[in-house]
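These are the structures, in structure tokens.
Each of the two complexes below includes chain A, the first together with chain B, the second together with chain C.
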Partner chain A sequence: MLTQDKLLDMYYRMVLIRAFEDRVHELFTQGKIPGFVHLYAGEEAVAVGVISHLRRGDYITSTHRGHGHCIAMGVDVKGMMAELYGKKTGTCRGKGGSMHIADFEVGMLGANGIVGAGGPLAVGAALAAKYKGGGGVVVCFAGDGAQNQGAVLESLNAAAIWKLPIVFVVEDNQYAISLRSLSSTKLQPRVSTARSVAERAVAFGIPSVTVDGMDVLAVYEAAKAAVERGRAGEGPSLLDCKTYRYYGHFEGDPMVYRSVEEIDEWRKKDPIKLFEEKLLKSGIATQAILSDLRRKAALEVDEAVKFAEGSPYPEPSEAYTDVFTDPYY
Partner chain B sequence: MSTRVGLIINPDAGKDIRRLVSSASYTSNFTKVELGKRVVMGLNASGVDEVLIMHDNYGLGEDVVNMLSTHINTRLTLVETKGSGTVQDTLVAAERMRRSGIKAIVVVGGDGTLRAAFKSCGSDLPMVCVAAGTNNVTGAYYDATLAGYAAGLVATGVVGGECLRSAKALEVLINGRSSDVAVIDVAFMRKSYVGAKAIVDVSDIVYAIFSKGEPTDIGLASILGFLDPTPFESDRGCFVEFGDGGLEVKAIIMPGEFRVVRIKDYKNLNVDEVVSIPSGRYVVALDGERELEVYEGDSVSVRITRKGPLLINVYKVLNTVSGACKRGASFGRRS
Partner chain C sequence: MSGVREITFVEALNEALLQEMERDPTVIVMGEDVGVYGGIFGVTKGLLDRFGPDRVVDTPISETAFIGAGVGAAAAGLRPVVELMFVDFFGVCMDQIYNQAAKMRYMFGGKIKIPLTVRTTIGGGVSAAAQHSQVLYSIFAHVPGLKVIVPSTPYDAKGLLISAIRDDNPKMFFEHKLLYGVKGPVPKEPYTIPFGTADVKVEGSDVTVVAVAYMVHEAVKAANELKMNGISVEVIDPRTIVPFDKDAVFKSVKKTGRLVVVDEDYERCGFASWVAALVADECFAYLDAPIKRVTTPTVPIPFSPVLEKEILPNAEKIIKAVKEVVK
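Entry: the complex of A and B
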């Protein structure tokens, strides 16, 4: 049963992700953030709905669009913002940037600049969890485009044959960069296209479901079943979450491949608004409580920006530190 | 005037959370296209002039058209929707098909798909559901070719009303207003959200109203099937209050999943009877899918009516034709 505290915590994490991403969008436009950023706004229900089931000792692997996963896992927002700024106080001491934020302390094994590269990492982490016992679970987030990477398919196979505690979460935000997922994932071999990677999981013997990725409670419920399967030693599951990203593939993307009308249609199904309506109607929260939480999120992001802007850059002499791990063999 | 039949292939049927919590099969898009093709081949054999097929986001209907249109006499036409990827597509497509004058409609999906088509087409249009969902109380387990053939024979007038049966319907009234309709069951659950829709835990159910439930059904209808078997044909339904103190019924709630359900009390309902539900906060499931939320202070009631979908009895259609064939008659196209 979802308690009021839990529901409000989920709401807070969703609005914190949105506030963070909206602010990064502004800051990037102002030229304050170096490198590349890929924003998660619109997809909050997926990260929060799934990660709400994880506990200490569980792990996630993420993608190039990883800010939402980080925040849902509890990565410090100040450290994240400083990382985006390339500052010494960043989560990875300013050496990783947006696409490589990792925080092993909270189980975040890393955003990843290589599409689909989280799959093999998740297999390794899940193999370790199975070996150690204790019911640990790994969640592997990946987009619809990643489902056509060989490494992802090999990961599905390895997870199935080794019965690993992995929940594969497909964030089908309708586009692989600018290519509609309808065109990129061909599941009708003889004829036209049919986009549902859930079908592929079935071929590997992995139970899979299609989920409304704009509804945090629908994601939560499906993820609960999938995580429980993993903890009980029943092997991997796959959740095919239908969602949408509000911003471009990357900041600066001219988005010529989709219409304003299409974006507006999806915004009508906004996951935060939808959740707000449910919380209000069911009496879980009042408008005042939700406003306070939104204000708190905005303040947390303000603080993070101040922290990042006030932090020093790494010294040139540190250019090669924190970049390579020490070999242990 | 040409004879038209509608075909809706629901891309989302047979893919929900019950794949994770029960032994329910995943109904793949590939399977659905094959089912759709078989329906069309059956319709073609019956002599139907045109099949209107829903255009869906996954391109399943499009696949059927592309694969068959140059090989058969029946014309295949896609019916556009907004492509929302939700039940709205079925509602819109079925409505457009009805307005185009279809004589029957075939849906490939589950009880939810049939319900959506019924909501748009009403209780006078013959319909048949090819089982591709999870519990499939209304779905025909005959081969899809036979279902298509039977629908075509009804549409072309080879067989008549003797091969059709009227199901019942359950009208949900909230604050005096008709808010929605179910075909098989309406369940009131102590749950705070709709979430993943499908019912996976019957212990959440407080009240349920059934129009149908037989021992060969699974899903919530299985409860009535073991408690007090009631076919669509009968003029009664049942109101069940769940809880301790009465009977225990072992029912099959999902594929492979038996549950002991505690029944505090139950009573038969006559057609047109209205049941008032005690005020409270409920999530309401219609035909096994959580859809509505009602709140403390709402006045909620359910009316059982005879105005459910007009279902095609596939066995009866084919048996009628078989008898006529023995006497030398032939139906539909030769090839």
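Entry: the complex of A and C
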């Protein structure tokens, strides 16, 4: 049974992700953030529902759409925002940017600019966890598009044969950039033959379940069984979470492949609104408590922007450091 | 050092792995056929019996998964030594090497380390044809974030592999197929060789010859023959390409005024060209002749021994190049 504190903490993480992403969208539009940015808004229930089970010593591997995973793992939001600005005070001292935020201290092994590349990394982290003992688990987040990468398929196989403590979380946000994950159109083929990725997992002998990725409690329940299975040394699991990204594949995406109506339809199923309704209905929270948490999140993001804008850029000489542990490059 | 005896290159590597695994429980070995089989060239022989399947992991033929697993395990606190059976197979797993392992420390602001060693075999001369004969170390030296190690003797193989395992960065460790059976003196106890320290194999005063891996042996052979013709050749083995001991090469060229670089990698945009450029930048005023490169022409490695011999560098070609620069 989830305690009130835990539920409100989950809610806070979700609204913090949303506030962060909405703000980044604005800042990018204003030209304040350079580079490539992929936003997680709409998918909050997946990151929070799964990561709420993790403890110190667990790891996650992430994707190009990694801000939500970072925030759910507890990566400092100020550092993240400064990183997006390319500032010296960023999580990665301005050397990584949106696609490469990592914080090993909290078990976040890195967002990743290469689709599917987190799979093998998760296999290795899980091998290490298994070797060290102690019941550590690794969560491998990857989108529906990534499921057609050889790296992911090889990783599913390796995790299964070695009975590794991995939870593969498929964030099926309906689109592999512009191609639909499961339905074809006159102009575009679908990207997968299986009806769902959950079905594919069966071929690897990996227990899998399809989950409503807009419902944080449904994700939480499904992840509970998967994480427990991993901690008990029983091997990997796969959660196929059906969700939706509100913004484009990247900021600046003209989104010619989908309609405004479609986005509006999904927004009606908004994961934060859905969770709010449940919290109110069950008496766990009042409107006042929830709006306080939303205000607190907005404030935290305000502070992060202030921090990022007030921070210095790295010295140009820093371009030459950190290639190796020694000064040579 | 005590306990020096003659062992082969492959035995020296095996001993390095064994001793490091005994010293440090975070060292694990992974790769195709490294366990029961003992490695396709025998480098990991006996390790499975000694350390068990948790530390000597036989993997599926899934280079992306197991090289990437090496990266992930290194990120999570282990010190993996992963075998890529032939460097030619890098094409099926390069993302995990050059985009993941090599760049993580930098991308993540210098806060983490990836102590991963990828061991792989290189080199022609055994009619293994176009997909099993390349050296390709230039490709790995070309991208940032990988240390590139190219031993030429059993002594260097053991010391450099131990240094590699203890080093906190991603490393590519290249083992030339023609060297596995070569014997040489190797101390029994563990020892390290610092990266970036060249070894002067032959001292000389007329021409500097820089060579790595198996080509060191061809260069020494050439130097010995040239000596009989009254040409004094200095042979330098950098032993690591990244980091590279520029000073040793510059010092030698300033003395001899002539440079021949021997490199089994493809001629185009390769290691030899880079060394030539460094020397042209730094030692131009000391040069008495154009720099010569003895390399493999940029064609796929052919199968027929006649064709393969035609393209691979060897002592004869080195002698010819040296004679041209002393003319």
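In this section, the second predicted complex is superposed on the first by the 309 of 329 C-alpha atoms of A that agree within 3 Å, B and C clash if a C-alpha of one lies under 4 Å from a C-alpha of the other, contacts with A are read in each partner's own complex, and residues count from 1 in each chain.
To be clear about the criterion, a residue touches a chain if its C-beta (ideal position, glycine included) is under 8 Å from a C-beta of that chain, and two chains touch if they have at least 3 such contacts.
Keep in mind that what you see is a predicted model, and the values were worked out from it rather than measured.
Participant: Where does A:Ile284 make contact in the superposed view: on chain B (first), on chain C (second), on both, or on neither?
Facilitator: first
Participant: After superposition on the shared chain, which partner residues are touched by A:Ile71: those of chain B (first), chain C (second), both, or neither?
Facilitator: Neither partner.
Participant: Does chain B (first) or chain C (second) touch A:Leu39, or do both, or does neither?
Facilitator: It touches nothing on chain B or chain C.
Participant: Looking at A:Pro207, would you say it contacts chain B, chain C, both, or neither? Reply first, second, both or neither.
Facilitator: The answer is first: A:Pro207 touches chain B but not chain C.
Participant: Classify the contacts of A:Ala146 with the two partner chains as first (chain B alone), second (chain C alone), both, or neither.
Facilitator: Once the two structures are laid over each other on A, A:Ala146 reaches no partner at all.
Participant: Who contacts more of chain A, chain B or chain C?
Facilitator: C
Participant: Contacts for A:Ala304 in the overlay, against chain B (first) and chain C (second): which applies, first, second, both or neither?
Facilitator: In the superposition, A:Ala304 contacts neither chain B nor chain C.
Participant: Contacts for A:Ala226 in the overlay, against chain B (first) and chain C (second): which applies, first, second, both or neither?
Facilitator: After superposing on A, A:Ala226 lies in contact with chain B but is clear of chain C.
Participant: Mind pulling up the chain A residues that touch chain C in the complex?
Facilitator: 59, 61, 90-96, 100, 102, 104, 109-110, 112-114, 117, 119-132, 150-151, 154-155, 157-158, 161-162, 321-326, 328-329
Participant: What residues of chain B sit close enough to touch chain A in their complex?
Facilitator: For this pair, the touching residues of chain B are 11-12, 15-17, 19-21, 26, 28-30, 33, 57-60, 62-63, 66-67, 85, 192-197, 200, 281, 293, 295.
Participant: So in the complex, the part of chain C that touches chain A is made up of which residues?
Facilitator: For this pair, the touching residues of chain C are 28, 54-55, 57, 59-60, 62, 64-78, 80, 95-96, 99-100, 104-113, 144-145, 147, 167-169, 196, 242-243.
Participant: Quick one: in the complex, what on chain A touches chain B?
Facilitator: 2, 182, 187-196, 198-199, 202, 207-211, 215, 217-218, 220-222, 225-226, 229, 237, 242, 278, 281-284
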